[in-house]
């Protein structure tokens, strides 16, 4: 790798992604953390675009930034306790996290460097049409399964999150009882 | 050649069942316990259909291969699902009467995912099916918003959360690993493998195995097991403790033995390490447990260690024996959990001491529990013995004698805690002699398990033959 | 920009996620960390898609995205449940089950 | 009837009686009928053995028949059988005759016992006779051992007949232990013999070294059974049993089995001069030692018991001198007169209800027949010329002439004097002198009591003259000759009697009595054994028990404890914190990635 | 081909199955069914003894059913001379055991059921000619013990002391649960060792079969043999009470109910010794010959140490239990002699000790049932009130100390003779010493319990033997004497088997034996 290989765009994207990711896990305010995540995801979208995957970038922006970040903010708002916002977001045992994270990072990057450093030139990229075609051919079953997955997730999330989920039987509220045995 | 719709008939039927259950509940046609019986009936019907309908074949592009292998697993899943649903009916109707349909639907969704897993030969399909199996479980684990004692009230969400966090982290690793594997091979076919796989491929592969290890509850991805078992509704735990493990086994087999069989040295090492750790940790941690659910949880961790030994052997025999093991494990563990459930409902707690005098209160339940425990411990003439034995034989033949010896030795530890439970059930005098009245569904379910464990324990041949057939079909068509 | 550098970038995001996973006390924060990890996996796919070609990698990202969304939805529901039981979302509260 | 059949009848008739009584519980519990069954068995046995003697007088040859008993690799490793020759046939008669007399006597003596006990008593008697006959007719050492042990068993049961009495129970157990201790020698001897010759025959010629080992070990058993120093301590205690039992077992027959063993195994002993040397000394010292103790006993039975020890010492000394016949002959005469003495003593005890010499006195008027019988026995025991004891004792002493610088000879001479002296003491204290309080109501027992006395008095008087015949039976040399020994022995006997009359006739005390009494009271030997038992055996066993419970089993408990503690402390790793669980997932991935990296 | 062997195994099992459907209120029916099952087995075992051709020897009455052919597992039943002797023993013990437990009241149905299952396992072991099935039956025989002791057993106090005092709190030492758990765990550790040995044999047999005859014909590499033998020795030896793995035995036997003690000490411990002999000595003879001195050395410790421990006990059942440890040492000693006298003696001792200890436990059970104590110090003079018990107890004592005329003598004598003839003649010395110590403690116990002044107070009206209780003393006592006088009844069977198997030992080992 030489200076000729230096790619300012990529470097910038990398910096944005990594730094914002770092703030996601360090931010003391949960709202800030979610916003930092949004930045990371946007950076990732840029990354996709840089990798000639505009469709992915679009989807990334739509679902992740638009969907997940919103969902997260919603989640934070719903569950926040205003008086202790800062303390909640505190971290524990950072050295432990650092050790494990860096150990994995070192190992992965060594292997990645060894295995993939030799691949320089990008291959031709698939178009959105290609994506659509395989999606409805090879991945048709997976696609259908995915729809089931999403359905299940929705059902599950609704069941779990249903507020004031009064457990009542037709006869009225059920009192938790020690035994269901009729004497 | 069947069309893909035909190949996936059973899976589609189960998925449709989920929809039907939800719809029937929504329009109010069927509700309450009837939904449960309906679901169980549906599963029974599908199980019956699996013997009638010809579902063998390969889907275009080879993403899904159906045959004896798949059928074996599907039947295991269907049986597990059916028995678990039967065991849940009354608990649900009494504890969470307003969420019954969702419970069954989610169970069916999870089952659909499971049923797709063993046939999947494409990473994408495998991943989606695997997640379809897993996500409903997160929800179901947290089902017990108010179960029994007040102190248990907080355990429900905790159970779900613990399962979720470890699960989501694991699946993140899995997907990351998959990225490396697929990227390196350039294809989403599981069997595809570059002629000269780079080290990165191997690392990715091992990360995938780590993700599967979570679902199996193997050490060190097992930490959720006892806590979730303790907090989740027991009838669901009966399901959770067996079916997803079979699914994990199926996935692990597919991942390791299609295409990757040439690199057995790699994954076999990983599996051996996990297996050894699981047997050791599971048995050791189970020793001091006082809650039967936790105890059975750790015991399950240990049992998975035994399954992994067989899989680590990498031979057709090893696969067959792993299948045999997991099938026996379904009946045994499910039965054990259901008996514990029945007893706990009557005595107000899942602690071992609460089982005191069970055999006097309701002899057949006590005897069943004993049989299940003996089976888990691997005592002759009950099903578990053959399972352990076959696994050991397969591993021994494959040269894994060290693991076999370790397994034999730690099995003694296992015996200690199984006997502790048996002691409580049989020897201790309970506070009451009042019989435990198990509801119908539970009774049927336990009886089926008991019949299987004893019957197949006396004559394991049919199951062995099935397992062998499945394994050979799998390895031929991989 | 080489494949290796893209992959290492993904690994970095993954490890930042791991760091968060291990150090965050707050349930939502942990969800965010998991999100980072999932995102890093997608970055790997995208990188390979760019350097190796073919639609598979990109298709996979789509699936992975959907799965992540589903997971997050369920995860958030669980966090809300936790909050409802404990009045807080500190994960350490969920440590009743141990012995 | 063939000789073998007769031998079998003699052996098994009592067993049949015993089995019958054992199986037919009502019969046994009736009491008296049981006695008749036993007596019938004994009569048949006696008849058969007398027939054997008559046949032998008619020139019948020795017979030996065996059948395989224990097998090994298809061959007999041990055999059972019957050997009827000059040693066994006379012995058979002696045993059966004495036993019959004693049993008859017992019918009267024991009549106060409750019927059940009475029945048990006679069952055991029948069993005893069977066991003793097994010893007598045995064709090899193993069968002899079997009978030997059975005899020991019956002895144990009969000593403990009054089992309600703790002293009797203790005495029985003690007797069994002491003889069992000695019998280990027998067993080892058998094993050595077996290993070196492949069999249990006393005719084997294994060479001097082995023969010495074997005989030394066998002799150990003899020391125990025949109550030789230092294993004699059980015999005085054994007097806790009923008096007829003492007469039969502990004087006439069982204790003599040791001597019988040596006589039987003479061919082996002949190959082991070293063993004989030891026997000589042990026999001689026991004779003197026991005679000394006999002098100071207050219990009439204990006098007789120590006297038995002493006389057995004579026999053993004779055997040690290589004169098996002398020992055997003395065994025969001793059987008659000692049984007579015991039965007479029993008659006295029966009359005065006391064992103590102090309670007796002047009984000769009340019990004339008993007195006569006792005096005959005493004279015979003392070795007064003409009585049976004289002949045999003379033979024993003659055998010792010149052996080991005459020292044993001198010891036995001294002992002969003592014998006469202490018997004189007993006779005078019991039958002469002033009438004691308890003697006032004494009277002779019935015919069942006096009959046996007469029956035994006759051979006590005359059995000495059978010596010649007996000698031809065992192919030994026997001549009466007038020499130093007979004269000295007669002199000693008469001197002893004279001294006794001089000393005790006036109610005096013997010299040295104080010392002897102290010695007896102290009973060093007894205490030594008791100490060995308490400290040695019980101490070691308590230690073993402690080790087993607290060290070995403790270690097992510790293992279990360690596993459980291990589990319990490992459980702390299960913190319940989600973060830690996630960390373990990361650790797992780390390990797996490491496997990939290291590959 | 008749199905005697199948009958003998199946009879108790079928009786057990019938029990399942007998209502638990039908107390008499339960007992009668159990007794019938036991009687059929006894009858079959006698019939087997009659049919067995003693002149030919070897395996007879062969029956084979393939079980799992793919693994080389067959249900192959046949019996050799040793087996015949031990089948007879088992038959007798189970019949008397059932009769002795006639008075069990608590949960009697389960009790008899487990008893029958157990005994089916025992029979199975003796007739299995397939290592795997052998092991299966072995496990079946061992496991019911856990419940039998744990439910119907009795507890007592053991004071905490010694260096491992701290471990006491964890276990209620002396309680029946403790005894049951310790017994089960120790025996199953042994089973684990056996299982490993089994795999080694199977894996190295070439034929991949568990068939004992095929395994016998296989010449295993000496390295394998040296691993297998110690595993087999310690694995089975744990059940045979081999020092220092005997500690389950005193607690287990002391806690177990009467019939269970009878069966366990009387028959089950023999399974261990039988395993060492049949599997260890026969299948891996070369290693066995090498290990024999060690086996014998440990056995000698067993004999003497067990006897000494017994002498220090104050609890009647413990005395009998330790005496079992000591007597099983005699069995192991006989096995280690590697000659016909020793092996015959060992098997004979199995039978003799089985009968004797069965008798012991039956009588101790009777005494305990009436006096409600096992502490010797509290007893005394019982012969006045229970003379029959006293008499038979004495008989058992006599056999225990090896008195001629009882079966114990024949057995011990043969073992000692074998030992004296063997390579380590000195073994006989501690062996005989052990017999002497036995004389000391059994007679002392006998005296303390039965002799002395007639008991007063609560013990003055103890009942003697009644009804079904007669069976055990009468049958077992008579057998002790019969086998003592007429050993050939059994020796004919035993010897022919020993002869057959002895030929397998390496010549080196045989050369060490002094042949007269």
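Side notes on the structure shown:
So that you can tell them apart, the chains are marked A, B, C, D and E in the order they are listed, and the count of residues begins at 1 in each.
Everything that follows uses one rule, which is that contacts are C-beta pairs under 8 Å (C-beta built on N, C-alpha and C of every residue); 3 or more make two chains touch, one makes a residue touch a chain.
All values reported here derive from a predicted model rather than from experimental measurement.
Comparing per-chain C-alpha centres with the mean over every protein C-alpha atom, the closest match is chain E.
Between the Cα centres of subunit A and subunit D there is a gap of 100 Å.
Mean C-alpha position of subunit D lies 36 Å from that of subunit E. Centroid to centroid, with C-alpha atoms defining each point, subunit B and subunit D lie 77 Å apart. Note: centroid distance subunit C to subunit E, computed from Cα atoms, is 64 Å.
Residue positions 7, 14, 17-18, 21-25, 27, 30, 42, 47, 52-54, 56, 59, 63, 67, 70-71, 74, 77-79, 81, 91, 94-99 of subunit C are each in touch with at least two other chains.
Residues of subunit B found to touch two or more other chains are 124, 127-128, 131, 135, 138-139, 142, 145, 160-162, 165, 169, 173, 184, 188, 199-200, 203, 226-227, 288-289, 416. Shared contact sites, meaning residues of subunit E that touch two or more other chains, fall at 185.
The complete set of chain-chain contacts reads A-B, A-C, A-D, B-C, B-D, B-E, C-D, D-E. On the subunit B side of its complex with subunit E, the touching residues are 360, 374, 379-381, 385, 390, 392-393, 396-397, 401, 404-405, 408-409, 411-412, 415-416, 419, 422-423, 426-427, 460-461, 464.
Interface residues of subunit C, counted against subunit A in their complex, comprise 1-9, 11-29, 31-33, 35-36, 39, 42-43, 46-47, 49-56, 58-59, 61-63, 65-74, 76-81, 83, 87-90. On subunit A, the positions that touch subunit D within their shared complex are 92-93, 96, 100, 103-104, 107-108, 110-111. Those residues of subunit E whose C-beta lies close enough to touch subunit B in the complex are 68, 70-71, 107, 135-136, 139-140, 143, 146-147, 150-151, 176-177, 180-181, 184-185, 188-189, 192, 195-196, 199, 203.
For subunit B in complex with subunit A, the touching residues are 4, 8, 15, 18, 22, 59-61, 63-64, 90, 93-99, 102, 105-106, 109-110, 112-113, 116, 122, 124-125, 127-129, 131-132, 135-136, 138-139, 142, 145-150, 160, 184, 188, 198-201, 203, 345-348, 434, 436-437, 439.
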